[in-house]
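By written order: A, B and C. Residues from 1 in each chain.
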């Protein structure tokens, strides 16, 4: 369970991204964070992932104070619990698909067999097996996205975060993403998606929509 | 001057040409004998020294070039001296082979490996075995406990490093020369060299083999 | 100790191959560094060996007569008196000197031997034993033969005596010496013939070589000789060794100081280069942090990368040095050490390779490189991942 308690985030240039936010996410929930660019929804994702520290307030994940973790443990928490799908994918373009997906697992120093199983299953799930040795920069947009999603899932995280996942996709690929989303939901993970794409506002498998405007929650 | 005197002078002069030369023992042993030996082995090994009745006869024969290819005066003299003094008398002096130690040899008294100090090695040859030591002191300690069935006692002479009969040697103690086990009895083949060493190295005493007692040996360790 | 993370290793190798240009530059710098330092050590070791073998061929005590404080010749008649000293094994008169072959740009050492005297020097001993040198022939070192042949002296040479007369000596053959120096510089002939060439009288000698049977007696013998003949210069071989070694050490210390300064400069260059990570590299680290890599994981990858690169540079550097020193014969570098009589000789450095030198080279290169690359990496690895992603 994720709790944001009295979270405020002010950036260095005095921009107030979030102002006294209180949010709770239950386990297994699929929540859409609705809001325009700059509304602060990406900041919430970063806070949950531990990529940012709040200026005020606390972030608790399963009763652990994420916001207070030092860098070492924060990275470890992120590795074991979070699968982040970035807006710009943030894949390493000069590496192949499988090498990109493998990255989160490297520090774990797993048995070769175990590693292989994880890779194969996640590549199959997101239909990217046939392109596994292709260098990422030579992939199409949709293939890159599926690689990013596969990477986010390879370590079987409890929490999946996606930042504007369909911003750079056409309608066909956007619908493909929604299909994948449905599959992810069936895995009983906590999924939080920050987006302003209306395609997400009408889905039957979404549990909740939270609206954010100018760093504050909008009650609806 | 009368003819007789001239003749006498000539006679003396001619015989002195071939007569036994007047070198010190050291010069002969260190320079002339080794040189003569080399010449003999390399060029004149056919000479049979026992055929000649006197040094003069041998020397003249060599100089006359009849029995050996041309040798200059210096070489001829060395060869004659070697043949007459060493080769002829070779049965009289017993020569011991140089004492050698292997990598595993250990002194039974102190347990030290002997290969580290090869110049100090000594040995007692018993009828059934040989025992080696790292100096005269340890040899004597062992000797007092095992004096029976001895064939030879061998020590290395200090100045020449030759292996000599320990029972006939002279020993100097209390000098400023220390062995691997500290204060030592240093061996010499004759009294003169022992005395020379005694003066040079501020020693305390010169002893013959039979004069060495256990008290003296153990006193060295104090 | 957990097993080596091969995936991390693979990532590191891949990383090196992906960011080639920067890494190649750093590699080259380090390789050059290792090559220069290794060449220096190799030359030093070879020369040390050469000098020590030459020195070991010297007698235990050398006696030189002096007149007015300068070296002069000695009369052989003192030998008998010296032989009477207890502890002296042998005293051999030596006749040797230099002869200028200036039209060939060379200066050779002429050594006279007596075939029946004891010889300390291994080369001379084998010559004395196996060769019959008659009074008008000589044996030359293999290097000497080359030089003479180049000037068309193939069968003999005419030496000019001090009185102007010439003496023809036939080249009876060559000898194989135990040291390079002997092979390139030495000519051996009959002692009396050489006396003739130098204009020595019948019992005149250049100096005396004294052997002492028991090394513990050397100091005592030297004292006795000095007392007998106060004008003689009596030198023990091990004192010569100390003098040579100290000369050697001052020269090499100087070079090392200069080198340490350059090492420091290189360190700064590498450090600077490593700090300048391209935006691509920075982004990659940011991504890794974002997907859960800890700082220690990033540093471990850097460490593997640095280790691979530096080890590779180390090996290549050593190979280059070996080639430079033992195949090209270390031009220029050699001359830091050798400046005794500048002879046009093709001095070939003997091959010496020992573990201590290799280890020292390793410790001087790899850790330096590791520090120069890991410290900047640490600074970058602790960057806020968030900045990179936006």
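FYI, contacts are C-beta pairs under 8 Å (C-beta built on N, C-alpha and C of every residue); 3 or more make two chains touch, one makes a residue touch a chain.
Small disclaimer: the values here were computed from a predicted structure and weren't measured.
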So which chain is the furthest away from chain A, centre to centre on CA atoms? B
Tally the contacting C-beta pairs at the A-C interface and at the B-C interface, and name the larger one. A-C
Indicate, using Cα centroids, the chain positioned nearest the centre of all protein chains shown. C
Separation of the C-alpha centres, chain A versus chain B, in whole Å, is 99
Mean-CA-position distance for chain C and chain A (Å): 66
Geometric centre distance via CA averages, chain C-chain B, whole Å: 42
So which stretches of chain C touch two or more other chains? none
For the complex, give me every residue of chain B touching chain C. 23-24, 26-27, 30-31, 34-35, 38-39, 42, 75, 78, 119, 158-161, 177, 193, 196-197, 200-201
Which bits of chain C are touching chain B when the two form their complex? 79-80, 83-91, 116-118, 213-217, 220, 224
Write out the stretch or stretches of chain C touching chain A in their complex. 2-3, 5, 7-8, 11, 14, 18, 284, 287-297, 382, 385-386, 389
Any idea which chain A residues touch chain C in the complex? 46, 49, 51-52, 71-72, 75-76, 78-80, 82, 84, 86, 88, 90-92, 94-95, 99, 102-107, 109, 115, 151, 155
